[in-house]
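Dropping the structures in below, format is structure tokens.
After this come two complexes, each holding chain A, first together with chain B and then together with chain C.
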Partner chain A sequence: MTVNSFKKILVPIDGSSYSEKALKRACDFVEAFGSEIILIYVVEKSIPINLLDRKEYLEILQKFGTKILDKSKRTLSKRGIPAKTFLKEGNIVNEIEKVAKKEKCNLIIVGNKGLGSVARFLLGSISNKISQLSLCSVLIVK
Partner chain B sequence: MTIKTKKILVPLDGSKNSIRGLDMAIHLARRSQGTITALAVKTVPGIYAIHPLGFLDFNSMKEVKKLLADAKLRAAKKGIQLTGKAIAGDPGYDIARFANNSKNGIDLIVVGARGRGSAKEIFLGSVSNYVLHKSKKPVLVVK
Partner chain C sequence: MTVNSFKKILVPIDGSSYSEKALKRACDFVEAFGSEIILIYVVEKSIPINLLDRKEYLEILQKFGTKILDKSKRTLSKRGIPAKTFLKEGNIVNEIEKVAKKEKCNLIIVGNKGLGSVARFLLGSISNKISQLSLCSVLIVK
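Our next item is the complex of A and B:
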């Protein structure tokens, strides 16, 4: 066997039910492989927002992000799993990629779609981009 | 909740990436005491579906069978039970259909990021992409 031992698992979350599913799946992996979980929430900055409301809007998103991260961390700690959390700002895919590279993650677990409503029936745009561009293995939870 | 990946589907095409996918599946199966189902699809161009003599290509399944035998050997070395399946058709479509068929009871699909398609290893292959979109089961993309 090569180095595929899933030492570090990155779980991007956005508060949707799919990301919760992904988190559950990640817990399974932790129990099976004894790996480490890194949670990340990215505040989307690239969407065009009204210039005047921009600051306020980002603040709200950030608050939402910290809330989601705290919630997920709590569910993890209930199972006795420690987790590192990140709150980033910028383009979602880029930030996830950057963190994955920096932390040398072996696996990314994503839900098959998130909060975006455009591609309801197919793979979400973010999940799609991650699976195309990431350098480490990706598990897509359906 | 324990890990529920009892039955893992591994589509094979003989490329290095699919072998890597198989290795990963073996690794996972060892953890969860699961079994592996290997699926080798022989590409049949769509035109043969109409042509009555299209399937008369006698040595066609030879390569596929050899592939499955190799995979079986590889899994047996690690003590994992592997059942091989060879079908002819369009790879992406048939893999997705096989996975979605509830009779087969697949829990997880492990695919290599890229098959025999091209040299650009980083990007996702067309078949992997198709399976990713169309399957209703979790998919692990091995890079």
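Our next item is the complex of A and C:
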């Protein structure tokens, strides 16, 4: 391997067991290829839910996202792996793609399901959309 | 890493630069995780092309598939990597999935485009279908 094809890895997380599994696989890459990990949580803004006041709803998701990012960062830290984190608001797929591009990631490791778990109708489609739209390679973990 | 999550890797090839890139990434996994590689070429039977006699058409594709598999096997062999090969006939996605299941593969590494290059209308959709239907993890190489 002349060039490290897995130098920078973006792992979108959402607190689901699927994203936890994706994070575990990312650790395998760190050990094997010395990859850097970047974590991202996206607060989905476009969900048409009126159960709560919109502002309150977004605040709750932001708190949840911060918690999930901290937890994942601690998990990595215990294994001696540093990680950059991003908390974004917007469309999940677009925000992931934007960070992947900006940070020049070589790979996105994503769980097969999860991501957008609040909007259950989206289940399973996020990972497909990422793999279709992303400019870098995508590992879909099952 | 307690269990090798990338023990057996299936690489569908079609002679395109995309599948060559996928094969290169597979070699990275062999070096890093000691993975085994299985190569598959699928002769797409369901293509509605009447340019040639159907039998002759399938024979040409079979010969092409055998050549491509041999070439890829030689490429791997030069790097000291052994590989099992499969030449199948049928629906590309189904045949890949069947071999992945039978051989208990942990990962499928597939090029973003290519596969089913004869049927150009399918371009890009094969890798998506594989990632949607596969029971094991899928790396889409770009």
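Just so it is clear, the second predicted complex is superposed on the first by the 125 of 142 C-alpha atoms of A that agree within 3 Å, B and C clash if a C-alpha of one lies under 4 Å from a C-alpha of the other, contacts with A are read in each partner's own complex, and residues count from 1 in each chain.
Keep this in mind: contacts are C-beta pairs under 8 Å (C-beta built on N, C-alpha and C of every residue); 3 or more make two chains touch, one makes a residue touch a chain.
Computed from a predicted structure; not experimentally measured.
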| item | value |
| --- | --- |
| Partner chain(s) touched by A:135 [first = chain B, second = chain C, both, neither] | both |
| Touching partner for A:32 - first (chain B), second (chain C), both, neither | both |
| Set intersection of chain A contacts, chain C complex versus chain B complex | 1, 25, 27-28, 31-33, 128, 131-132, 134-142 |
| Complex contacts: residues of chain A adjacent to chain B | 1-2, 4, 24-25, 27-29, 31-33, 122-123, 128, 131-142 |
| Complex contact set, residues of chain C against chain A | 1, 5-6, 24-25, 27-28, 31-33, 124, 127-128, 131-132, 134-142 |
| Of all residues in chain B, those that touch chain A in their complex | 1-4, 20, 23-24, 26-27, 31-32, 122-124, 129, 132-133, 135-143 |
